[in-house]
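Paired with subunit B in one complex and with subunit C in the other, subunit A is shared by the two complexes that follow.
So, the complex of A and B:
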């Protein structure tokens, strides 16, 4: 474990001047996430889960979090006629990142797998504007949204993903209320 | 480049693979994330049934059976604690609980006393608890999870990859990987770009965890010698062969303010303070 041989020197370049840009990393498309979560599935049927007020209250009670939305985008995964489970899509806004993710659930409403679909982080002064989420709308990688290829790894203090884990808890409660077989 | 990300260890764990076809990559991602999940399950402070949860609830003097992975991490933690004269110390859990950075659960919380031995390892997969102090592996386990994920990718036949667990990362392969370091004075900006090849890099800073209250200021980084929070607006990055060591050593450099702390050479590591 305590190896002492020389480590390659770091190539260090200051990024002075790169003042405002954003990273947009696409991890999986919805279709790829479907296959990653339920590789054995032969069909995915889309559905919008529309909650009643009562269902939203049940969900809030189970999750201990505000229900946030009455309509959720989902898919049922089938292998032939057999229901394998569900996928529910959501996105959350963090300190300065926007994360889209998919939660795979079994028919008993237990969480099978969580996959991040995309991660977008804005850098520079733009982040400080009030409606920064609008920055992303209508922009693509081709419109100069990203530094380089936009997918460099970032190292820094650990950015907590409480908003994603809360989101997963909310979706698990949603599944208990409206999907559980 | 194929990429996947999942939430584990309180952050997003991102894996990229550069040299595999779809079928191989799918199996490699799955196996690597399972290793990250394993570390999450064994070393979570929050879960009462994790190895760490069982250690923290056990009374002083008792022997606790732990998983070989937990054993490895605790062993490395002991080595860094010894080499840094206690600047890095997993016993800082108690301070983090006092400051509401970690949840209060289990038995009464003992007051933090610097330089006390909390446990010993018996060489047979067991930990003996020497004091009632609580342990937190938040400063080293993410690095270990990265190392296990890299090992798993290699075992799957992947040669070009990067695993990044909330800033603690490791790259393998023939081409260098571009890494951006956040500016500690304004973490939504990138301060530096560096190029990494067959190496691990971990960064610690207090900018995301810093909390100022009427009672005082706190952060998730604790100087193990004094038990005081580290509040300086600096960022410490350490490169090493293993991400586990890089992760732990950032705390030594942060606490000492010394980018050439003797501890680094002992572990073949280098540091950068911004």
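So, the complex of A and C:
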């Protein structure tokens, strides 16, 4: 009995260790992003959100963007029994490369925080700065979540900024349609 | 499903007990039986609850598995179409990316209709290949003016070819042929990235965009929005100066650039750039490039000449505005002896050349697919602000500042296609006043 109990966590830890070594240039792992967005949380419950066609259409209308996918990977953050909010993970293309990011949302579907997990382009690393990401805090899909209208661009990284901003707006719309209680 | 199970279970129990019941059971026995059934019911309820908990746990495990499967399949998706919900895993399918940009322009001088011209200004193919999470190569190949041959005026060239590696502490190191971090356009030169059909004069005549050198570069971006660049590269070859042609007057540095083409590397150049993007929407930066340009050429009277170019630039994009400004100044030292050999020719080597511009653009209209952005730019430039002093009568007068006003607009389809139109007015030489049209794309 003791043997099986010890092996499983050991395996998990070594797997986690292996994966973080392979992606050493990632700025944040998923776990680190979770802690950064909801530092007071005691538990994160994973859930894959599956949208119906109707929900996807509502999302598109709210965001002004194609819904792009019916499946979204998310976490609910809890402090003991209290729901603190949600985290949705996503990837977008910057100019040539994939940008991985996480959007933290409050139960009312407003943005709590945006974290960049990995950024590989040659320019535009400023997208990771707290000042740029601060622009998203407190906003909803309704307004203030587009370049030139609430979010300022980073010179030389227009495509990266636009795509991440569109992604956050899409996720804010997703939260409003699917997650908001 | 569960209800029928319960019903079935109940009926089985009922039947079972019914069969076992003797014909002449007493009341007490009946009560006993009922009690027994009640107990069994409770037991079954408990079992059902336990089963329900088990299925919930299995479901959760399934979800976790499904999301990891979704993540791996998403990261394996080709063509950069990442499915929503994939976490930050390396996307190995994105390891080789082909990019491209192109411009086709039409120019019509106002006072010289016979000089109207249409040109495939540039066609560029770029390839980026990522070897691993920290290492990649970047290549950019270009054709200018459509046709290249010994009797045609086109040019085909390698514009960029370098490898870049990111060290663990965030420091990026690159080696090869790469763009100098000077001004605003040089590193951001796709047709969708600037206003006006032709690139502005300050950043073509003074800063010789697209300016690239071969060498090594270091770069790092800090969390406070500061990015610095440092590099050691090839520089200019002053022995290429042709005093008989007007090329040096069009652009002094462009006429003596080496572009990594069998470049003389006796005299290397250093460059440093600092760019601050600490406030969202604001860029403030500057750079300096310096190196000797004689290249120890045999019997060359200017082996001690040093070429230095520095620039200051700013860009601010509040709301729908796009405001930018660049100031740049270049100097070439120790040119007296060389210019003495050029006496009588139209284009001696200048000691200084300078330029600046201010530009404002405003996104007047936009819907999901299209956007319309008018702009205005005022620029001043002088490719020969001063010459080193020569004995009286031997020198050439310094040029007067040329001032150009450009007014126009960009009409974009999505983010990758742009139609441009503008009109340019020249202060000094109004024969150059012209109307421009252009179409460009970038992906």
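The rule we apply is simple: the second predicted complex is superposed on the first by the 116 of 181 C-alpha atoms of A that agree within 3 Å, B and C clash if a C-alpha of one lies under 4 Å from a C-alpha of the other, contacts with A are read in each partner's own complex, and residues count from 1 in each chain.
The rule we apply is simple: a contact is a pair of C-beta atoms (placed from the backbone, for glycine too) under 8 Å apart; a residue touches a chain by one contact, two chains touch by 3 or more.
Predicted, not measured: the structure shown is a model, and the values here were computed from it.
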Task: Could you say whether A:30 touches subunit B, subunit C, both of them, or neither, answering first, second, both or neither?
output: second
Task: For A:46, decide between first (touching subunit B), second (touching subunit C), both and neither.
output: second
First (subunit B), second (subunit C), both or neither touched by A:64: second
Query: If you stack the two complexes on chain A, which partner ends up touching A:93: first (subunit B), second (subunit C), both, or neither?
result: second
Message: Let me test your reading of the model: by the given contact rule, A:120 touches which partner, first (subunit B), second (subunit C), both or neither?
response: second
Task: Go through the superposed model and pick first if A:73 touches only subunit B, second if only subunit C, both, or neither.
output: second
Field: Touched partner set for A:153, first subunit B, second subunit C, both or neither
entry: both
Statement: Dual-contact residues of subunit A, meaning touching subunit B and subunit C, are 25-26, 28, 95-96, 101, 122-123, 148, 151-156, 158-159, 162
Subunit B-touching residues of subunit A, taken from the complex the two chains share: 1-8, 10-15, 18-19, 25-28, 36, 39, 95-96, 99, 101, 113-116, 119, 122-124, 127, 147-148, 151-162, 164-165, 168
Field: In the complex, subunit C residues that touch subunit A
entry: 63-64, 66-67, 70-71, 74, 80, 82-91, 94, 97, 99, 128, 130, 133-134, 136, 138, 164, 166, 168, 184, 187-188, 193, 221, 223-225, 227, 277-283, 315, 317-320, 363, 368, 415
Message: Taking the touch rule as given, give the residues of subunit B at its contact with subunit A in the complex, in rising order.
response: 1, 3-7, 10-12, 14, 16, 26, 29, 76, 79, 142, 162, 164, 166-169, 176-182, 187-199, 201-209, 235, 237, 239-242, 245, 265-270, 272
Message: If we count contacts the way the header does, which residues on subunit A are in touch with subunit C in the complex?
response: 22-26, 28-30, 46-49, 64, 68-74, 88-93, 95-98, 100-101, 117-118, 120, 122-123, 125-126, 128-132, 134-135, 148-149, 151-156, 158-159, 162, 170
